[in-house]
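Following are the structures in question.
The same chain A turns up in both complexes below, where it pairs with chain B and then with chain C.
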Partner chain A sequence: MSEKEKIVLLEETFDVEEGALNADMQLEDIEEYDSMTKLSLIVMMEEEFGKVLTSEEIKGFKTIGDILNYME
Partner chain B sequence: MITSFKGKRVSSMLGILPETIGNFDDEVDNYSFPAKQTMRLKKIMGYNQHRLAKETSTVSDFAVYGLNYMLDNEWIKKEEIGAVVTVTLCPDYFVPHISNIVQAECDLDTDVICFDIAQGCSGFLVGLMQSFMLLEHMEDKKIVLINGDVLSHKVSKQDRNDFPLIGDGCSITILENGGEDEIYYEMHTDGKRGDALIIPAGAFRKPSTPETGAMQDQGDGNFRSLDNLHMDGSGVFNFVQTEVPPMFKDVFEREGKNIDDFDWFLLHQPNRFMLQKLAEKSGLPTEKLPMNLVENYGNLSGASIPFTAIYNCKEELLSKKNMCCLSAFGSGLTWGVMFMNIGELDYCEIIESKF
Partner chain C sequence: MECVLVTGASSGLGRELAISLSKSYNLILNGRDTERLESTKEKCLNKTFIWQYDLTKVDTIEKDLTEWLKGKDITVKSFVHCAGLMKMMPIRSVDAKIIYETFSTNVFSAQMIIKVLVSRKANAKNLKSVVFISSNISERGASAFSVYGSSKAGLDGLMRNLSVELAPDVRINSVLPGGMITEMTKEIFNDEKIKEEFEYNSPLGIGKPEDIVPVVEFLVSDKAGWITGQQIIVDGGRTIDITERSK
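So, the complex of A and B:
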């Protein structure tokens, strides 16, 4: 999956408009990054990548780039 | 543990609700999040209304009101009661227990066995297990199983992570010996993950002090204190998605069952999102799996399965036998599943109290 495809997937998961996210953005600055989005992220990671994303791993994410790196 | 029981039946089920209804729309401004973002939760999680006990109301208020309703309407006679078993996370006092208070308030005989069990989400399954074991020694006496919690008293109203889903209520299930039906029962515990659902302060380990009662920003926009209940949402979600689907798969294989063998899948009701994802991953049929308790009453902790049954299947439970797959998961952490014929009930109803 290309970086661009991953960003599109994240934008769907965050429920934000296309082009709203980029790798350098700090998660704490993103209003939509709340508990609901974190649950959606868990579901997306399992459905798309077959990975179980844990609470600890979520706490480790600081930027969109950190999430992109996990999406493999 | 996997075990089975035989010749036990549910004879009546009563749900007792608080009078007060909290509306999610009215609570949006309590949270520090933008309203638009909070409203997104309404649809996905199934938040709409939840029932909230009055500040002064306790589990025994609901239980006494309910048992007196049953006695007054001749659902059961005092002399038929062999035991009162209460499953709750919300004792009126550390001592005495709620079952003893119910025995006193309803003026039951001193021969009645009374005790409480501390369990949350899996409280109905744990209460049934204990009741079935007691029935082995009860002959024709019946068990009054009370499942109730008033957890809204322990949740911060400024905590969007925990408050919208919480609901208060109490169910009373009457159990007795009878019939020949086999009951399948399975229960698991993992205390190592217990802190995923916790009230950190207020008991003996960390008594309540002005410090434990201080509201703090948790860094994610939610405000709560150490005296408040907290659920690690993603931790609990992962736990349910990891442990429960394999449990269904294994039990269906082992017992030679499939989804067509069941009339109802009556599951604990954490929220619509979690139930949908659980149903998808476990291959459970959504038309037989009600998911609507949280939007009507809230997550009622141990009372959620009996309320889900009465709210969605009342007519069927009164008129015929229903093969039910019951499953609960949550605080402890615990998870379990049960197969049981429930039906041809004598009485089945939800009532509203003034509490």
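So, the complex of A and C:
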């Protein structure tokens, strides 16, 4: 999956406008990155990548780039 | 031989229930994973059988369970439906597959199993009591619980309707646990913040399977002979507490 495709997937997961996210963005600056989005992220990772995302791993994410690196 | 059928017996509350019920009854353990069911069986005392079956396959439950009971020449006196699928997800992440899997495991399978167990042909009309493991969310609501919560509400609806239809031969009740640390929920409680919030909001603290087991055993037994169609909330006071407190 290309980085562009991953970003599109994340935009759907975060429920934000197309083009709203990029790899350098700090998660703490994204208003939509709340507990519901984190749950959506868990579901998406399992469905799309077969990965079980733990709460510890979520805590480790600081930027959109960190999440993109996990999406493999 | 008369038995108690326990679904979801391979781990968590179902396993604890099976181990405790085995002190008084012969058991049939149901789950998907034979190895884990065997490990529950090792801890059980009386005669214990394993009915390995994936309850999401609702279409073939009737045939499979009927043939299995006939093959073993046993009947079911009580049924404890502990199998439960819980995935927390916001509505934006919900798809038809998870709705189907959750409702199949939590609700539809129970209905088909009861259909078999009240049949003269398959179970000699031996069924006397049923206990559903529901959840305190059945009567409430919470973010990210639209699938699981509605399935448990559905399960309790099934309980109420069948309790009327099957009286006086069969009693059916639900136990509604609150937040407990089990195999199903351990990942949630790994988050210290969530655990703290739960403890803070539960007058009697976070529950354990041992808090639920005696209530189920009572409802299964003849001691609960005049109780049917009821939801018994066992949640440490979580849903009764309206105190406003500041941390």
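Rule of thumb we're sticking to: the second predicted complex is superposed on the first by the 72 of 72 C-alpha atoms of A that agree within 3 Å, B and C clash if a C-alpha of one lies under 4 Å from a C-alpha of the other, contacts with A are read in each partner's own complex, and residues count from 1 in each chain.
The working rule: contacts are C-beta pairs under 8 Å (C-beta built on N, C-alpha and C of every residue); 3 or more make two chains touch, one makes a residue touch a chain.
It should be emphasised that the depicted structure is a prediction, and the values quoted were computed from it without experimental measurement.
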Which superposed partner A:M1 touches (first chain B, second chain C, both, neither): neither
A:L39 touches, of chain B and chain C: first, second, both or neither? both
Contact residues common to both interfaces of chain A (with chain B and with chain C): 15, 35-36, 39, 42-43, 54-55
Residues of chain B that touch chain A when the two form their complex: 33-34, 37, 40-41, 44-45, 160-161, 220-221, 232-235, 237-238, 241-242, 273, 277
Touching residues on chain A, where the partner in the complex is chain C: 13, 15, 35-37, 39-40, 42-44, 54-56
Chain B-facing residues of chain A, complex: 15, 31-32, 34-36, 38-39, 42-43, 46, 52-55, 58
Chain A partner contacts - residues on chain C that touch it in the complex: 87-90, 92-93, 143-144, 187, 190-191
